[in-house]
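Chain IDs A, B, C and D follow the sequence of writing; residue 1 opens each chain.
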Amino acid sequence: MVRVTDEVRRLRRRFQERAEESHIWEAVQLARHADRPYTLDYAERLFSDAFELRGDRAFNDDEALITLLARYHGQTVVAIGHQKGRDLSERTRRMFGMPHPEGYRKAIRAVDLAQRFGYPILTFVDTPGAYPGVNAEERGQAGMIARSILAFCQATVPVVATIIGEGGSGGALAIAVGDKVLMQENSIYSVISPEGCAAILWKDSGQAKKAAYAFRPTARACLDLGVIDRIVEEPHGGAHTDPAAAATFLDEALRQALSDAEQIPAAERRAARRAKFRQMGVWGVVDDGSTEAV
Amino acid sequence: MVRVTDEVRRLRRRFQERAEESHIWEAVQLARHADRPYTLDYAERLFSDAFELRGDRAFNDDEALITLLARYHGQTVVAIGHQKGRDLSERTRRMFGMPHPEGYRKAIRAVDLAQRFGYPILTFVDTPGAYPGVNAEERGQAGMIARSILAFCQATVPVVATIIGEGGSGGALAIAVGDKVLMQENSIYSVISPEGCAAILWKDSGQAKKAAYAFRPTARACLDLGVIDRIVEEPHGGAHTDPAAAATFLDEALRQALSDAEQIPAAERRAARRAKFRQMGVWGVVDDGSTEAV
Amino acid sequence: MTPVEIDVQRPKGDEGGGRRHPNTCPECRSHYREDELRHALRVCAQCGHHFSVGAYERIEQLTDPGSFVEVGGDLRSVDPLAFVDLRPYTDRLLDAELATGLGDSMVAGQGRIVGRPTALAVMDFAFMGGSMGSVMGERFCLAADLAIEQGMPLIAVTASGGARMQENILALMQMAKTVGAVDDLREHGIPYISVLTHPTTGGVIASFAALGDVVIAEPGALLSFAGPRVVEQTTGEKTSADFGRAESNLRLGQLDSVVPRRALRSELAKLLMLFSPAEEEPTGDHAPPPPPSERAGLGPAERVRNLLRLRGRRG
Amino acid sequence: MTPVEIDVQRPKGDEGGGRRHPNTCPECRSHYREDELRHALRVCAQCGHHFSVGAYERIEQLTDPGSFVEVGGDLRSVDPLAFVDLRPYTDRLLDAELATGLGDSMVAGQGRIVGRPTALAVMDFAFMGGSMGSVMGERFCLAADLAIEQGMPLIAVTASGGARMQENILALMQMAKTVGAVDDLREHGIPYISVLTHPTTGGVIASFAALGDVVIAEPGALLSFAGPRVVEQTTGEKTSADFGRAESNLRLGQLDSVVPRRALRSELAKLLMLFSPAEEEPTGDHAPPPPPSERAGLGPAERVRNLLRLRGRRG
């Protein structure tokens, strides 16, 4: 009695067929690879000049999230990205790419700057999630994530978001609401980490692999579900095997996506972006006539 | 050789003549009188309904500055005011009306709300100044005052500011940029407290009375200098002798000022408010021909 | 109990374990008959503890009798990912609907509060821990659509453990989708009041719930992005007893007000008045909340019919 | 020394008292000839201490030779309040002009940096402690006007103890007036870069100085609303050695960057490029700062002539 569309049936069949595909766990591992290129690695290769915009003008400068004013193919853009660290000291300083509210406040400031000068925004998403600490909570982690999402909704400049590693939960989405959303081939994007999902649903975080198979945080699943617009190729073996090649693939995809986003008239862009996300979701309708099972 | 206008000469003569008028120090004392009505005392009498908007959505709720959504003569307004305390406990809680950055951030939030819904803004200024503590500084006191002033500049809704007690320095100005600026008869408005001025210029804060005579923080001087638009009458002996009567005088002045501010077309209001403050200041011009001494 | 709850539920007064009766106060152990608890708006007469309130009962508490009309009541979650953890998602959905009589974790529609029309989006924690999936997101958007179409405010009442893991990335996208609806409200100058009840955490508090033009909460409600258990397990930090509680959130600048349930209807009526145009002076009488009665909108008969259909399908 | 300074000056390395020669480094006691210090951009070769730089010398350091044209140079402070403290305000003004050769605490105008046109508003701490009165406020607005009229960015370089008490409420209003100019820049989409140097406090940091689209500071600069002495005297709190310093402000989120003086010109050139339209690719060469030379704009002869006039008037 719940009427579902052919599209839902197709999705279910596709996912059931691919139940054990090895790529899922491989992607989880590659997305988290210690040598995977981070935001600044791509910034160095993509931008001819860059100036780091630091600080939230309220509390501190959260180095887990960086914002840049940068020149990209002769055009000024604002870049916003999570930033993990390479060695232990940098990892600690950057909190493993997990922002506090101040990081999102800085992102909002960067969006505001882009908006005032009409600069396109490029975001690079790579976080296990927002930092789940007492101080972060006390300073309004939830509200600041919400306000960051809202800032991206309100922007009338072109926004292209790319998941370049871990797209973890609301902490990722906070800077991932774009006119175009891309995912690198071996990046992951999910509502919770596989470990977190396993801990809750299987009552055992050791079942992360099982959880990953079940909830499919892969680029391919996201594309199938209409959540992203394009998968960006990586060098064979993953982006870390050849960062320069990965940057070249990313560059080509970003230029195309930016060009597509720029086609949308500025006056319609906010409504169009809203409409894009409005259609995300799958549901059925209770219906007297139908006999279709989910 | 510095050419000055007749207006400057008039001002100087006027102030020199009034050098010792007793009202200056009386106003300083009345403005700080322990029983003087505060923002909430007027809010109770002026508004038929009110809902307190609390919190800066970032760090805390600064009770030295309050913001209200309120109904004023059948129209919804946003009210923003410093709030001193009556007894020691309330005074401590409200930091004697001296806001931290969070207070100004809350004010900015209230301005944003007013702006989005087209509600006029009424402000009530009554502070010795922004709180000069280490924590306030570390959380960006200066920048937040600047951003609050900017928010008032940017608003396109009508803004009426009234100095109801102490208008102390940048902490007062942060919420005092209005289309119309009023001062109660016995309120004061100055760049620094008389004590602070005395401590710096006379090297002796005990010389506050002398400083007050010199720098004239009175409503009359502010009116003469073009800084305010109107002096609001108080009951004989000061507002504290009859708060209800003081509220009635204030009500009449606010209605008139609000009505005047509403005459300015919304599209011109931001530029008009900017122009109003742009003309504040007095200077001379180096000129070959002139022989006029300052 | 749904899986989501383990993230957000902090035992209150009964750490010793053991299932308490749902009508026994977890704070003071007072026990109430169902009708007396319902009549008391599910507030403990002894200690003021606020029990959970279902979506339809909340709507009864707040709106004028007979004024509520539901939208999107025919939407149902499906299972595009063919998600199976310890049990299939489709089984969990069916159980939730059978147990609660709800089609999902939010009821959307419009009604009147002391005479003033308003759109409503009310969550129910009993449906899979108030988790946010595709249906909840769409229902919230439908409520926002109503508000925009008819030029009336939107009031959301939340209770949620966060996003629904079984819909994974689609659940996450509901954060963007619902915030987009808030953006739509803002672009149209429509007032939006958010009422946070125990618990509101995860993806819900980090999206539309935090973005009310006015944000109020019920006393004692846990309101945080990460629940206390996640914080302690992930960071090793200890959380205090008032961690994430409404009162802490008020002190920390995240809320405009903490309003006891008995005052909620009149406070919302005042806000609706304040957000109404200057010409329109308040006309409604400030009557006390209507006595509990049959829920408005979709009738119980129709609800049961839907349930039977679903059961029939699975049987 | 002007009165304002006692608010902001924290002795550095010479608490023992005693006047040091202005070309003796307060940090490491190295002493420099005037020409070598000037050539070194007034940065101590031994320890990196940044000495104060006058407004015209700063303009020389930053702009392409001969490119600077001043506006508002003929404005002079007057004394509407007939203000007398231990000395009349008019005497203080005259002394300041004679001592510094400046008409007030800010020089405004336009110039080019590595070929890119920009408006400039540069403060001088030597003129009454860089205090902000009516003339400074108007000059800042004139610089903003220039930027808007010619569609070029505005760069402000600040050094100030705050508002000028002798103009009392008119000085306070310069905060609103200069922020209004920033609002004007924003409404016109004009980039605004704020460079904060030691010290920038009080009404200046709490108005236009804090509002740059990009805010950078020189190393070690004291940047606070209340100076450390006021904080300690008013609240009884102790201030640490790094209280209000540029490096603290960077850590606390108030700055985008702390830029050593030697890198300032090239960093500003990069920002001017980044803020330039997409069509226009950078053309200027990234040449090193020009050697010290006669200041651009209003010539020294003219400046001296003005001084003599003023002196003549008073004599």
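Please note the rule applied: contacts are C-beta pairs under 8 Å (C-beta built on N, C-alpha and C of every residue); 3 or more make two chains touch, one makes a residue touch a chain.
All figures in this text were calculated on a predicted structure; none of them were measured in a lab.
Common neighbours of chain B and chain C (chains touching each): A. The chain pair with more C-beta contacts between its two chains, of B-D and A-D, is B-D.
Between the Cα centres of chain B and chain D there is a gap of 28 Å. Once the centre of each chain is set as its mean CA position, chain A and chain D turn out to be 43 Å apart. The centroid of the Cα atoms in chain A and the matching centroid in chain B are 46 Å apart.
Averaging C-alpha coordinates per chain places the centre of chain C 55 Å away from that of chain D. Residue positions 186, 252-254 of chain C each touch two or more of the other chains. Contacts with at least two other chains are made by residues 57-59, 139-140, 143, 147 of chain A.
Taken as a contact graph, with one node per protein chain and an edge wherever two chains touch, the assembly fits none of the named shapes, being neither a line, a ring, a star nor a complete graph.
Under the contact rule defined at the top, the touching pairs of chains are A-B, A-C, A-D, B-C, B-D. Every residue of chain C that touches chain B in the complex is listed here, in rising order: 186, 189, 191, 213-214, 250-257, 267, 270-271, 273-276, 278-279, 281.
Residues 49, 51-61, 69-71, 74-76, 102, 106, 113, 116-118 of chain B are the ones touching chain C in the complex.
By the touch criterion given at the top, residues 57-59, 101, 105, 139-140, 143-144, 147 of chain B touch chain A in their complex. Considering their complex, residues 3-4, 6-7, 74-86, 90, 103, 133-135, 137-138, 141, 163-177, 179-184, 186-187, 201-203, 205-211, 223-226, 230-231, 234-235, 237, 239, 243-244, 248, 252-254, 306, 309-310, 312-313 of chain C touch chain A. Chain B meets chain D in the complex at residues 1-2, 4, 8, 11-12, 15-16, 19, 130-134, 136-143, 145-147, 149-150, 153-154, 169-170, 173, 176-177, 189-192, 196-197, 200-202, 211, 214-217, 221-222, 225, 227, 270, 273-274, 277-278, 280-288, 291, 293-294.
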